[in-house]
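Look at the two complexes coming up: subunit A is in both, with subunit B in one and subunit C in the other.
Right, the complex of A and B next:
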């Protein structure tokens, strides 16, 4: 009898443990679904609204006849979405073209060279971001007006550079810090200058970090609203600011806002997806033992 | 090929001394090994030669040209790193061909030279792989091939075998020696492994605490260690060092009395006797210079190492492989007077028989 009781007790324990495991798994799946819904529902709502006629917008109908009329109106003369998209593209690409090489070079310097004052410099660079935007906006407005670049992409590129470069430097520096020195020293003894060793060896190997920083800079610049709102009036208005144009005297044009929102979101999603593989693995495997 | 000369070179890191002022001449085609424990300054010295570390003082002359202030790329040296330093984003072929690419060689020239060198180190079949797909030994071969693909003035090798397993290390050691002889290129090799140093070197610079303790051929360093550090560092197992005094032509320590040769027989207080395990003969009975208790007994295959406690000293003797003794048993041994070394305890220096 006793011999039988021991395996039975063990079985019961095992069944109980398995049941508890299944319950935990269910709770986990439900929690993930609930959170996903919380994040995805507004996006789905924006996408649906962009294709709804103004009459359908305020109804909660799930089924409707999709239309491209909202896109035609948004890109038309009233909202000039095409121009805004172009402005945003110019400002973002301009910012990235300058920010990424500059940040990579600065990150390399901060990572590899010793400066009098040590870590004060990179920290000081980051500290510039602690100044509230409202404090610098008026001096910047006056400065840009004086030099005649108010309401131009150049002004926005300048401002965005000051925002993204410090963060990009820190992100890329983190990656370069983790790279073994041996690789670039090998390149230098192989006959490269330090600059060439950086271009040939450090940059390709730090590419996941550089791509991460690029995506970050892209998202920040593409979404930047406050400075663009104050420093542009008509010519250089960017996508986030153009959302305001959907608030008309006759009320809010939600379907136009949804189109603009979609235009803002889609490039970010596409770019993030395209470069996602760079996040997955570093390239240093095999460099050292 | 070229000679390498260090003239009064030193390196300080703030108040800490990395390398004390020292000079050295490595002859054209010579295989020089810097040997010493961790932190002795051997790698720093090599990195100064490579141009990766700037010396605080002194001059570095390669092939008669002062390169002290020249960047690494202008020194025409090739370096093999402890951790290989391969380029992980390039294939093996591209890794080996990189020094040629930097020098502007055409793709065809590069390909033929890479193929030739890859053949030398048996990597022909791996040229399209990335370093991540190679074993440790193969990676080290790639690093070696990258160094020899062009004919530099000098090879610098920074503990290139320390990450390999014991068996592979022996094979690679032979390959390095063979390659160096075949190419005849001046080589400076850093290691903390004395077997590597003894087997590879034409000359060894034994370093400790940033300064060169002794510079000489492996035989000189083994047979006439300049000081207590070298005596204790070279040899496996190391030389026995026993503190005592010389009186009436005999070295005397607790439980030990060894007659010395006439050249070391002057009376001295406070000296250390150095004797290598292979110069001690275990005797039958108790008719040796000393008798002690067996502390440990190790069979190494070709010999037996008996560690014997005599007074305060623990003495290691290499005996015949058939020798057997129980732990704690009493064992007597004789010391070959002609193989004894004497060191001054105060200075640590060797007491030279010729000047004694």
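Right, the complex of A and C next:
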């Protein structure tokens, strides 16, 4: 009797444990779905709002008749989304075109030449990013006003460079540090100058690092809000700042805000997998302003 | 071209840009902070005050200390909640099943949103008449029915904190996923064989090994929280009253609403001093991590 009861009890225990296992798995999946809902529902709601008529914006119904009217209005003379999009593009492209070669050159210099104090220089540059933005902006505002470039893309490219270059140098330097010296030396004994060896040999091999830095700079510059808010008035307003224009005295045009928001998000969605891989790698080297 | 020329040639553009856009404004705003200068009264720098602005700041400005308190409360709650929640999320999503990987990628979308867009979107979602999140919250918690979330002193701060948690948790979640993956599996498996429960394994084995990652992330999030400004501008504008007016927001208002540049610069320097201390601790910890 007892001899038979022992395996039975063990069986029962195993079954109970398995049941607990499946119950736990269900709890896990439910928790994961709840999390996704908590993060995606707000974003989905904003995207849906971009396609709602102003009347539907005020209702909480999930179903509505989609319209493209908001896009027509957003691109019209009141909100000039086309201009804002153009400004954002110019500022972002302008920043990247300058930042990436400048940072790559500096990263090579920091990696390959000796400096008293070693890594303290690129690290010190990175540490300037802990300085609050509100402190840097006051003298820059005065400077740009004196030079007469307030409210131009040039001013925005300038400040974005100051945010982005310290990170980019640090990120690209890490990759160049990991490359062996042999390849450059081989190219140099073949008669290339050191500069040529850098361009022809080091830069192609360091490309993954350069791509990481480029994506990081793209995300930061595209999303930058505070400096653009202070430094622009009408002419060179960027997308994130134009979000504020949907808030008027006569009430908030949320459907227009949603259209602008969607425009800001589209490139991020397109590259979200890349962002997951590269942006985070970049962020762990420091902090964003 | 010799090496020395090449070295400085390669560095020159980066040095030039940093000099104009970083070192000049950092030095210059210290100079401003020593002067009385209101842009509405004079286009040029006013009287030299020495450390007068700092003395006023530290001894005679209750509003400033009020904002220090607001920043402290914000930083404390946003750091604690973000870090614990993102660690829990990492435990939940650390696997490599398609569901977990895809949810991770989707969550990152929230983090890649412009901070301004995050703030303004949540202002919309929390608006009392037609905010979707507002409706859900009031359906879940009937006691909140008459509370205008962003217009009530207590709930405005809670909203500011939770939106910040929403924005940052995906990023720290990924950091923790990486950290969890790098933990040695043997001890965990050994403990499982010995019959230790999940809770015991987490608190007894995993948490102690995550200590250095936790220290760095907590400090990093503290720096981000102390600097946070975009959401205040787009969500609450410091209100209601001054209940969400953090130090960076007060500097911003003093400089670009009242144009009191000298005093604003002094406030900014005080904030920078706090940041410097935090950054130095951070640098120390990362350097130790590198070793």
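Methods note: the second predicted complex is superposed on the first by the 235 of 289 C-alpha atoms of A that agree within 3 Å, B and C clash if a C-alpha of one lies under 4 Å from a C-alpha of the other, contacts with A are read in each partner's own complex, and residues count from 1 in each chain.
Rule of thumb we're sticking to: a residue touches a chain if its C-beta (ideal position, glycine included) is under 8 Å from a C-beta of that chain, and two chains touch if they have at least 3 such contacts.
Remember, predicted model here, so these are calculated numbers, not experimental data.
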- Determine, for the superposed model, which of the two partners subunit B and subunit C contacts more residues of subunit A. C
- Could you tell me if A:199 is touching subunit B, subunit C, both of them or neither one (first, second, both, neither)? neither
- Task: Determine, under the contact definition given at the top, whether A:257 touches first (subunit B), second (subunit C), both, or neither.
- Result: second
- Task: May I ask you to decide whether A:80 touches subunit B, subunit C, both, or neither, giving the answer as first, second, both or neither?
- Result: neither
- Given the touch rule stated above, what does A:59 touch, subunit B (first), subunit C (second), both, or neither? second
- Message: Is A:154 touching anything from subunit B or subunit C once the two structures are fitted on A? First, second, both or neither.
- Response: neither
- Query: Which of the two partners, first being subunit B and second being subunit C, lies in contact with A:93: first, second, both, or neither?
  - Reply: neither
- Task: Scan A:186 for contacts with subunit B and subunit C and give back first, second, both or neither.
- Result: first
- On subunit A, the residue positions that both subunit B and subunit C contact, one per complex: 193-194, 283-284, 287-289
- Query: Along subunit B, where are the residues that touch subunit A in the complex?
  - Reply: 50-52, 71-73, 75, 77-79, 81-89, 98-99, 102-103, 130-134, 136, 139, 143, 146, 156, 163
- Of subunit A, residues touching subunit B in the complex: 180, 182-183, 185-194, 196, 200-201, 204-205, 283-289
- Item | Contact set on subunit C toward subunit A in their complex | 1, 3, 6-8, 10-11, 13-15, 17-18, 20-26, 28-29, 32, 89, 92-93, 99-100, 103-110, 112-117, 120-122, 124-125, 127, 129-130, 132-133, 135, 166, 170-171, 174-175, 220, 223-224, 227, 229-230, 233-234, 248, 251-252, 255-256, 261, 264-265, 268-269, 271-272, 275-276, 278-279, 282-283
- Query: For subunit A, which residues are in contact with subunit C within the complex?
  - Reply: 28-29, 31-32, 35-36, 38-43, 45-46, 49, 57-60, 98, 102-103, 105-106, 108-110, 113, 123, 125, 127-128, 130-140, 142-143, 158-159, 161-162, 165-166, 169, 193-195, 219, 222-226, 229-230, 239-241, 243-244, 246-247, 252, 254, 257-258, 261, 264-265, 268-269, 272-273, 275-276, 279-280, 283-284, 287-289
